[in-house]
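Each of the next two complexes has chain A plus one more chain, namely chain B in the first and chain C in the second.
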Partner chain A sequence: MEKQSLSYIENQPALSRREFITIGGIVVAFLALPVVWIRTIVASNNDYIRARTKGLYQDDARAAVRVSHANKSVARYYREFGGEPLGHLSHELLHTSYINRTKGLVS
Partner chain B sequence: MNVAPQTYRKGEIPGVIAIRASDCKGCDACKRHCPTGAIQGAFGATHSIDVDACLSCGQCLINCPFGAPYETADSVENVLARLRDRTVTVAGIIAPAVRVAIGEDFGLPAGTLATGKLYSAMKKAGFEIFDNNFAADLTIMEEGSEFIARARQAVFGEKGAHGEAAGPLPQFTSCCPAWVRFVETKYPALIPHLSSAKSPQQMAGAVAKTYGTKVWNKPADRLYTVGIMPCTAKKLEASRPEFNQAFLYNRRNNAAAGVAYPDVDAVLTTRDLSRLFKKLNIDLAAQKDSAGDTLLADYTGAGTIFGNTGGVMEAAVRTACAVITGKELTPLDFRPARGLKGVKSASVTLHDAKYSKDVTLHLAVVHNIAQNIDPLLRDVLAGTSPYHFIEVMNCPGGCVNGGGQPVYGNGSSWLGAIRPWFAWN
Partner chain C sequence: MHHELLILKHPLRVRMFHYLLIVSFLPLAATGVILYFKPLGESAMNLAMQIHAAAGALLALAAGAFFLLAFDRLLLFVKRIFTFSLDDVRWFAVLGGYPQKLLLGRKISVPPMGKYNSGQKLFGICVLIGGAVLIISGLALWAFPHLLPRAATAYLGLLHTFFGWLLTLFLPVHLFLGVYMVDDFKAMILHGRIPLAEAGEMSPRWVEKEIIPLSENQ
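Coming up: the complex of A and B.
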């Protein structure tokens, strides 16, 4: 019995240059999708902060009085009750002191 | 674990934020937002908070993709009980950043300015309006005067009216309770640099229970003050035991006896207030605009921008310019303080009318202290800091993005950002 020769010949890769570029392009496009998607999310990250910030600057822009020292009600507070900024009553009611919390406080 | 907290005094809330272990996935998203590294637990393991290091700022809470952090202190029921009690006047102290965010909980677009609607809804719920912007203007008067005193002492050797020395430069703002706690727990050497002015919330509480008794014609013990804040750390601030100055003042003037009361009785975050409105079936978006009724709701544009990063600086520059030079700042918009850059700096040269000399002030604005503060503080400690006045806010963007604001489903809350795309939603 004659010994059977087993020789396997693989198909030649039948991929033309065009096909290779097309397939490569599709793969790259799919790889790029999540990058674009994540970039969009990151870019919109601070949108709500900007929107709220804008809201407050709007409130400022449309205010009739835009400086604290011209607030008539604050002036009235000082006249009727508080005295003057950094005055005696201000130190009592509007100023405070801070404590060193690194030493371990007895709670 | 379970060691008694070391950095709190008796009466203070030992940490407003905690993590619900059943919801935590151990994804580490929160750690990026924590200014002090207080969040413990390895990647993949359930996280917990070291309350001694925690500032209670709530940044982890608004940025967690899974909603695992929660607030341990909730005053909604207490406030509702006081609102039902006809003998008590409940004053709601509304912070600036609340008016541009609370609409989001009632279907309005982000950033809608809803001051009038908020006033109406508050009145419907039974609150008296104390606009914290009034207290912000008061803060500028106090803190600005303090800064001018410190600057004139440094430049001209000026002493106070009684020969007392002003504090050192640079002066840090002290409105942000998380920042104050950050200094107290990590950089105690810088305490003299903090402005001694209270935060607007605490000024408001002290004024409401002294001067406010005349405005509303109510004795102080029948007044219940509620801070309505974009901030979880304000709950901790209000619980600090030294903040009962109104009681001490009233007792000295024979207008109080018996049990001491705090200046601010309760603090609700923006989210808490939405919850309260919803319990009372008040739809904020459907309200008509109304005005605040008393002078304590009267505010200026300088007071309202306190909620933005750079806002305190801008307001202070406007007033400092007028006080130092005798002329108003033109234009009033102080652009260098605006925007979301981590550290903003500016120099202004003002002609001091009192001494007829030009003074150049170097100013800095810092927010998102988790990323930006340490290099600046090292300079101050080394004595090489070029700045005279530094505004610090803990949260990125300032109070508008505070830990008590409506949670916006993006940022690192990526789960919230993709959830609308899920078929089952």
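Coming up: the complex of A and C.
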């Protein structure tokens, strides 16, 4: 028996122009929303970093003494007591060594 | 002479997209489950992550290509899955007659459906929304997590996990029902056409309202 095919297809367009614009607009808007949200939070994250950086630079600009070797108290310490920077006495007094303080916390 | 009446249900663009979904989502689901439970060693977990990222990139590219090259089909799909009537409530009340057919071997009357039945519409909504969330969140988590605030990264990770599990759990149901409706399965995997009689039974409203003859002996 010969097998013969008769073909049918969807009657295009099943979407009217109005439906195409409306549904297309909604789909694009819903896809754009998360993209805009992610872009906004990335930008706001960078805003925070920029504000923090600006604050630190501002603090530096306003500070009378910006570096330790210009600090009068530090200079007086070396002049009257510590001798020279990186000297033996300063090393003994100012340098610290590591002590594990977490042992007492674990129980 | 035997006349076999056929309808083109799944056009080539849709079938191509479905092939790409198969080759991308199956490894994505498998590696996603592995990444969630972490049952393997470090190098195997790294490999799973690499496969997950590569398959995710393929899925994203396939979805992007379908969006651009078959925008009309996408909108038609959206219209169909978001069109509801009281028949959908009635369909869900009897679950499309599948439990009666599968468990009791009994055929009951089911409300007439369009191209997609109510269960397929629900699945379509989950795939559409879940797929978009998975692609966008996956891309953000993979490509630029260092640019995101920690709370946003955690939120996107939670969304990715939720929708990943949702679609992964839907997968066996989709595979079972896909193979069970063998004519539709052959249409999607092979030639795109289903017999008119089958379509008339499964999707009477689609056949009644949207089908026209194309040509003879093609």
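In the analysis below, the second predicted complex is superposed on the first by the 71 of 107 C-alpha atoms of A that agree within 3 Å, B and C clash if a C-alpha of one lies under 4 Å from a C-alpha of the other, contacts with A are read in each partner's own complex, and residues count from 1 in each chain.
Going forward, contacts are C-beta pairs under 8 Å (C-beta built on N, C-alpha and C of every residue); 3 or more make two chains touch, one makes a residue touch a chain.
Since the model is a prediction, treat every value here as computed from it, not as a measurement.
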item: Touching partner for A:80 - first (chain B), second (chain C), both, neither; value: first
item: Chain B or chain C, by number of chain A residues touched; value: B
item: Partner chain(s) touched by A:71 [first = chain B, second = chain C, both, neither]; value: first
item: Touching partner for A:56 - first (chain B), second (chain C), both, neither; value: first
item: Contacts of A:41 with chain B and chain C, given as first, second, both or neither; value: both
item: Chain C-contacting residues of chain A that also contact chain B; value: 41, 44-46
item: Contact set on chain A toward chain C in their complex; value: 1-11, 13-15, 19-20, 23-24, 26-27, 30-31, 34-35, 38, 41-42, 44-46
item: Complex interface listing, chain B residues touching chain A; value: 4-10, 12, 14, 96-97, 99-101, 104, 109-113, 115, 134, 136-138, 140-142, 144-146, 149, 160, 174, 180-181, 183-186, 188, 191, 194, 196-198, 202-203, 206-207, 210-211, 214, 242-243, 245-246, 249, 295-296, 298-305, 307-309, 311, 315, 318-319, 322-323, 328-329, 332, 338, 340, 396-398, 400-401, 405, 408, 410-411, 414, 417
item: Interface residues, chain C side, partner chain A - complex; value: 1-8, 71-72, 74-76, 78-79, 132-133, 136-137, 140, 144, 147-149, 152, 193, 196, 210-218
item: Residue ranges of chain A touching chain B (in the complex, touch as defined); value: 41, 44-63, 65-74, 76-78, 80-82, 85-86, 90, 92-102, 104-107
